[in-house]
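Look at the two complexes coming up: subunit A is in both, with subunit B in one and subunit C in the other.
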Partner chain A sequence: LRTNKQTNERKGGGGGRMESLEAVVANTLALSSTFDDLSHLSSLLKQSEDLLVRNLDKLGDVLGALDAGRHSLACLHILDVLSSRVPVGSPDSGEVICRISSFINDCSADQIRLAPELFASVCHKLKDFVMTAGNLPIKAILPLQTAIRKIQPTPEHFTPQHADFTLVCLLSKCYNAALPILDTDIFEVDPKKTALTPRDFLLYCYYGGTVYIGLKRFNKALQLFHHAITAPSTVLNAITIAAYKKFVLVSLIVNGQLAQFPKYTPSIVQRSLKTQSQAYVNMGNAYATRNVEEVQRCITSHHEGFNNDRNLGLAKQVVASLYKRNIQRLTQTYLTLSLQDIADTVKLEGPRDAEMHVLRMIEDGEIFATINQKDGMVRFHEDSEQYNTMEMAERLDGEIHSMMKLAGKLTAVDEQISCDRAYLGRMSMRDGRHGRYADPDDFDHVGAQRILDPQ
Partner chain B sequence: MRLEPALVHATVSKQGLDPAYRNCAILTVDSTDQQSDSRNPCKWDLAPGHAGGVKPPDWPYGVHILGHVINHDLNSARFLWKRIPTNIKQSNQELAAVWAIVQKMWLRNRAQCHEAIRGFPWSPILQPVIAAVAEDYRESMYKLLCTAYSTISLADAAAFLGLPECDTVNLMVSRGCSIDPATKMLTVRARPTVTDQKTNMGHLQKLTEYVFHLEH
Partner chain C sequence: MSSASGLSFKLHPLVIVNVSDHYTRRKAQLYGSLSTAKPPRVIGCLLGVQSGRNVEIFNSFELKYLETEEGLTLDREFLNTKHEQYKKVFPSYDILGWYSTGIDVQETDMNIHKALMDINESPVYMMLNPTINHAQKDFPITIYESELHVIDGVPSLIFVRSEYMIETVEAERISVDHVAHITPAGGTSAATQLAAHLTGVHSAIKMLNSRLKVLHHLLLTTAKGEVPFEHSLLRQIASLIRRLPAIESPRFQDDFLTEYNDILLMGYLASITKGTSTNNELVEKFNIAYDKQGRRGGRAPFV
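For the complex of A and B:
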């Protein structure tokens, strides 16, 4: 280890390049304690990438000499070089997966936050490696979840690892494992701290929506696909198109119709999306007729398209939802109805089939009815929920609390924007046109005071 | 309803697993999760944590799947089945029988589900778990019957409950239903709903908070 004198000499030398692996190790051991040291180390390491690439075969030993917890920054640089140079399908990939997983488990969160783009690159590599044949995606679930928690400044921040994590859960069919991350609402997006890109966000929305579809939580799936479609953009991309296709089918299941694009949808999306997914628009139109045979015909004619998009299962769920919707509409008109009439109206095969459908809906809580087999009749009821039980009170309480939290956040964001220079500048220009304030500079102090002062 | 830990422990330890894996079925595997409940079968999906979720060859998949079933989480049971390696699925007949139960439940084929539960010579390890599943299923089918039907034929009720007709009659009559022997129709008595209304000072505090929030 270096003595203090030599460390100071090296520090005094400025941000020079390191010439050998030994220098890398020595600097790492010396400069890994305080924040200033780490920043210095970070700049040294950034300039040493060629050195690391040249010594590729010795990097494994260097990693062994360092401790992932105390020297996370250096290990990160080395791992990044190591994992980029190993081909994805090679026999060494198993070892690389192990190295990256144990690094993520042991590394120090403070150190890796100094190089978020490298951390993102290493996590992407982990995802690429586990996706190849012979490796199991399930291995990456816990490491990537740990990675998300370590790089996030707060649990409400979005990170590039969110997309990789959701993909790995999807591929390994551990949908429940994705829920702790998916169910946490995201409020903060900070590219500087997390090195995220728009592509990460779109992928997260698409994969997350697909996980929710698998868990049959169609409302949440709809929200995520909605984010993907309305994300600001100037060109159409494949992720948005794929998300839109699923969005259409899930909209039909949840709402029974395809809503108009909201005002804040980017114009390129509004103009071109429907032409890219004609089969799905046709589904929407067929569903609107409430005729099951129409919808079936639509599926048959676009069978190959749905199959290629892997949406055939979802399309079949759309048909099932149409039967349910048609039966639910009957409850609005009739108090009692015979099973035969239900079968005829909804185009089912017979009263027995109708009975099975109604029973299924009762079991799932989608309808309130009792079947009278003696007379072959169904009696529809109102929702018997009185909202006076302990469970309901606790549930209401939980919902109200989360609304209060959300309102608090909204107020904070509102105040923040009110003090923002760009906003105030715009306001002043708008008023300036009406001649109220001669000089925009004057406005900064006066205007801010006005907005913050309730009078 | 959670699988009782004693039951799981007994089941897993009887299989003579390696101690490391024996504990996995009971211990928390994700230490970062604040709300972990080690009796929740969803936590077993990623066990053992140190091997990255990859299961050893003697992992008790039967118990794992049935854990999800008792939790009324057929989705997780289905996905678990998709994850199990094909060679294990094909070689283990008991596992295939467990999967048959899940399939029938998923397709809501009640009579066949009861048959699948009864019709296999379960190993001593799975017997208590299967018994718990059978009891739970019969109870939930009874609740469904009472909610969904005002009158039902004896044959259908027997299929629901997986009992022969005379036992069905005895069970229903003991719970307050009546039968018309001529038409073999059971008249179901609706189950009374239980409302539990205890208020305490905590509620008063919450109401105060709501009003404060609304006023500001």
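For the complex of A and C:
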């Protein structure tokens, strides 16, 4: 192929429909410099897809001839065709994984943004390959993280690679690797630039929530599952059902009760979700009785169901949290209590078990108490935080700053929507219909000038 | 040239506020909001007490003057009436001199000065510079005395500058401070007062910070050897440093941090509340613009 490349350079590349693989290469080399050239190249490449399919076996060499950094667009097209034709689980998959990983590391961000759907499909393929037996999901963690960063216009954008990335971290049990991506809040969603689909969002919420459960950060897990449930939709989605099941269990652990659906949950979800996950609703009811045996009974009766949904571990954690909650309730009634009494009230095995539980809770900061081992008494205290340390001052300062940043973002979105055509249309329609005088306070915004000027 | 008369002048803040107020009123009446017009000159009379070598200027009032070809002439009748009225209320105050606004002494000023010399044999002329110059750190007020000098063989009166000090009584300080802080909007509500107070604190801290930077720079250059060693300055700085910290005990730290954290908590709560209210407005607007179902059945009034 090297000699072919040289002859083509002498011949010069041709525009229009490309008839041969050499023409593809030549065009790539010629048109990879400026932005206009790149868009031209992109349209050419899109047309020559079946050409690439026909020359499947030579694609590997073509890929070797091109430089991923400068010719990312062409490499992307070729990789896409290559990876979709190689069956998942074949011995070549290891090689494909290597190719895709090195491509992601070397590619140039501007070029791949011209074809975001292809990039998304390549990343999906990468995920599929690493999920098969004989391949380690851990291989894909770093490439996918680089992929997210490259295709994001800003770090706050949501991309389809988010879902793949969290799934890979979940499968390889490297929960901490997912933290940098999971912890950055997402503020922007731009389907045009990132080739996003709603399914990616639901998947990300579900996987992300599961990762947080693995890290025992149940609050954030609850948030993500909440997003999955309240995402606007018109049909019921299997992902939503699975997310709801986990949501029930996590909310029992965190809040001790199952909250009502918020007002903005889509109606289809509200109506059908409870019927789909009857076992979990029963769990919620059993937990509400604060009786450990009830909950145990519920688990054993729905054992099959929990196992199928892979939620058995989570259900056991629910039982553990019930013990904790009962002990916490004791602090509101008693100042001191003996370990024997604690064990009896909370239905634990014996004072040794109670001591272990209380000790662990003190270490986790869920309770403030001291255990007197001589006579087996536990004294409960108030929260000993005096709020008079420098660390607390710094922490508060940081929180205030982040709150102000968030408020600034909210104000910006508020301004944006005040100038939105749909909103203004509704407002003027409402005033016209009612025949009332326009309330000047309604227009008393920062963007008032823009409203008063005609388009 | 500086004065050799040996008189020490003490100026009260009330006089300064009066003069600036007079000037501002006149300017506003004549020209409204035009800022490019020629600034007017205002003239007034200074009242006070002279005991021996101390001249203390307590109060002032405005004077009527006529503008003629030779210059400005005072309305004597007005001056006399006012003087008598003031004498009734403040018997101890005498007319010590007069004031005017401007940048430099002008020729015509001498005429007015001589006119006043029959009331007070050596009047004092106070000049206020109304141009606001932020870079200038000194007071824009100068006090002139008249002295008889022999120039070119002709004895003539000329103005010479004198030193002066600002002196005040506690009651006067409080009232002048209060007057100075009234915001232009005319509101003395809690919010505007708090904003004015905080602005004052902020500018004070800013000034302190810049002065400290100057001192720090001086010390650095002295250490490097670029600036000759000035012992008196360094001694002053050393004494200043030894005066800090004022209180240093663990109990103070605890109390201080508790109060500090309490205020931070309040600020945190306030910022959360503001964010929540913005959020609420945003959701309202979003519902109006995009909500297809219509939450309430009828057309609810938009609050």
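Quick notes on this one:
The rule is simple: the second predicted complex is superposed on the first by the 420 of 455 C-alpha atoms of A that agree within 3 Å, B and C clash if a C-alpha of one lies under 4 Å from a C-alpha of the other, contacts with A are read in each partner's own complex, and residues count from 1 in each chain.
Just so it is clear, contacts are C-beta pairs under 8 Å (C-beta built on N, C-alpha and C of every residue); 3 or more make two chains touch, one makes a residue touch a chain.
In this text the structure is predicted, and so the values were computed from the model without any measurement.
Of the two partner chains, neither subunit B nor subunit C is touched by A:Cys419.
In the superposed model, A:Val189 lies in contact with neither subunit B nor subunit C.
In the superposition on chain A, A:Arg430 makes contact with subunit C only, not with subunit B.
Taking subunit B and subunit C in turn and counting the residues of subunit A each one touches, the greater count comes from B.
By the touch criterion defined above, A:Ala65 lies against neither subunit B nor subunit C after alignment on the C-alpha atoms of chain A. In the superposition on chain A, contact is made by A:Leu410 with subunit C only, not with subunit B.
When the two complexes are overlaid on their common chain A, residue A:Ala238 makes contact with neither subunit B nor subunit C.
In the superposition on chain A, A:Ala259 makes contact with neither subunit B nor subunit C. Within the superposed three-chain model, A:Ala320 lies out of touch with both subunit B and subunit C [touch as defined at top].
In the superposition on chain A, A:Asp397 makes contact with both subunit B and subunit C. Note: residues 386, 388-390, 393, 397, 400, 404, 407 of subunit A belong to the subunit B contact set and to the subunit C contact set alike, using the contact criterion stated above.
Within the complex, the subunit A residues that touch subunit B are 101, 136, 138-143, 145-146, 149, 172-177, 180, 214-216, 356, 358-360, 362-363, 369-375, 379, 384, 386, 388-390, 393, 397, 400, 404, 407.
The part of subunit A that touches subunit C in the complex is made up of residues 386-390, 392-393, 396-397, 399-400, 403-404, 406-407, 410-411, 413-414, 417-418, 420, 422-423, 426-427, 430, 433-434, 439, 442. Remark: subunit C residues 254-255, 257-258, 260-262, 264-265, 267-268, 271-272, 274-275, 278-279, 281-282, 285-286, 288-290, 299, 302 touch subunit A in the complex. Residues 30, 32-33, 42, 45-46, 49, 52-54, 75-76, 79, 82-83, 108, 144, 147-153, 156, 183, 185, 193, 195-198, 203, 206, 209-210, 213 of subunit B are the ones touching subunit A in the complex.
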